[in-house]
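We just call them A, B, C, D, E and F in the order they show up, numbering each chain from 1.
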């Protein structure tokens, strides 16, 4: 259970419902997931988050599948269970194969490990790495 | 300054020097960065880390540039300054353009933000996201 | 399920029971929440934690509601689900309105986002910010 | 040194310069801090971040000083050195006294401590805390 | 529920089953815990993780119980619920008494607290602490 | 530079100076490290932190060296550079050999890695691990 109740379509404001409709249209599905239903208590944050998410996750110099995997990587390091679930599902929907998933997880584990080794040893940054 | 001194080629064990030589051969450069020079105090961990890193970061279902960017994402979420520097440099060396770098940073920021929103609201995972 | 069982009033030591009684008196309720019932396995830590919590969360230069919201902010960044729940409940009990809750969550999300942007770009601290 | 160079007014795009001008106008100072000068490599992210920051940090149900202190709390938990420095400076500029700063730090320390105790013991959330 | 199904002995590859058999032999139990059953989707990562874990957690300059407690400490700071549970169980199996567990938790809480105080105040490292 | 200036003996309150004197007496050295000099702006937090630290880090069911290593483990996972430095120095002063240091770092790295693997896969906790 969350710290706020999830809001149904009938319980949200008109402003929030318009965002739900845009989520449905952009994603081509009637399903609006729990994150947005929790965020709908604050229509301004709902609107700003959805607007920026659409912009950031759109195809660009990086393709949307790579972006979903980057999202999983950050969410894993931050220990956000919901986010790992939702963006792993998103990555699968965008074509992530089991092999790609396995490599994603392996890179995350490797990075976590060397993050720990480096921080434990407090290694100074090499001059050659600095912009 | 680190919690252990960085070891020069002359100060490391024969086992560690062999790893340094492999790093040089695989990367096509004489430069061995500080991480390995700190890790060389413990040749077993040096050997195991390098062996696994080669395996994990090799081309596979994901290409090496994507893997470097995933590494930057995890390292940023963990606040590992050295790792952000070294893997950003690695990503640039593998072809990351300024546009790709900008999108990488934007996705990291977006993920951090929604990680915070979701955790602050303690949103339950949707059944549809579960494997 | 926790890594230790929760202790009922009948199962705790006399020292721990005295702390439970003080928790009840200070908070004006019979309910002692799970955190204290888990901590009661170690009466010294129970006593030290409760004593310091009373001191830190008391009215001072900052009011208790602000302190509860700061607690939620830290707990969210650390991914402590129990702590987010208990201190969100605490903040509501001290007068946090839905509007305040919405702004609290929005600030947490914003801070998480710029934490990620700054760390990803490894921005140097401006001299003007240093004490 | 960062992973990207800081951009002077002369080096940024017209779009980024317009954001710098708005930062100056809103804050009533000529100084544009390093964060924005690093972010200016990606004008879209610069514009979106500044627009949302203005919205989130504006006076509302919470006052701007409380918001700055919440920002410090999150940034501390995430280990973002730059962010701790910049938002502590921001809080001081908005009236945070040494006494308030001391209490802010004490609450952060307390929250970190009980986050650790709770997570180490894996305490289940009390039903009474659930929305 | 995880992001991948847990694999039974009948569902895993021959390579993964051989790892399961080694886990059983080394630990002297038929039980193979969920972590390995999830990891078995990627036999290479399963094999590498198990091989390195055996090496790292073996008796050496530190005894295995101390290593399990260190594992709990890191896992708590990272908020990994599964890992806190599994390594607390491992520590108990290796002889951790309730008194030792209590002190482990108290040290974790203390370290979390001063991590927060130090980071909030951005204290410079004393020269005497540098290697 | 920190967010508060470090206070010399002449600049602190009588209450804080008494804590400094106790630190000197307990540790058998004239040197008072920066953490305490920053914390001295808030004598109440200085006193409470020092009192609890003495209690938690004293010999008990776990020996002080193990406690220092646990402190390094938590501080590494939290990315607290100051804390890693100060408690690594503390562990060395209490007898941590280079071999022990190497194993400490290796366990931290291993734990970080499997924390990432488990969280990325969202593995459910085995019933057998629950208290």
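Simple rule for what comes next: a residue touches a chain if its C-beta (ideal position, glycine included) is under 8 Å from a C-beta of that chain, and two chains touch if they have at least 3 such contacts.
Owing to the predicted nature of the structure, the values given are computational and were not obtained by experimental measurement.
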Chain pair equivalent in interface to A-C, over half of contacts matched, among A-D, A-E or C-D: A-E
Farthest-lying chain, centroid of Cα atoms versus that of chain C: B
Interchain centroid distance [CA atoms averaged], chain A/chain B, Å: 21
Geometric centre distance via CA averages, chain F-chain A, whole Å: 33
Chain centre separation (chain D, chain F; CA means) in Å: 26
Sequence positions of chain F contacting 2 or more other chains: 1-4, 44-45, 49, 52, 74, 76-81, 84-85, 88-89, 102-106, 108-117, 119-122, 130
Sites on chain F touched by chain E in the complex: 1-4, 6, 31, 33-35, 38-39, 45, 49, 52-53, 56-57, 60-62, 66-67, 69-71, 73-78, 80-83, 85-89, 97, 99-100, 102-104, 106-115, 117-126, 128-130
Interfacial residue positions of chain B with respect to chain C in the complex: 72, 76-77, 79, 81, 84-85, 88, 104-105, 108-117, 119-122
Interface residues, chain B side, partner chain D - complex: 79, 84-85, 88-89, 98, 101-103, 105-106, 109, 116
For the chain C and chain E complex, residues of the former touching the latter: 3-4, 41-42, 44-45, 49, 74, 78-80
Touching residues on chain B, where the partner in the complex is chain E: 1-5, 44, 48, 52, 55, 125, 130-131
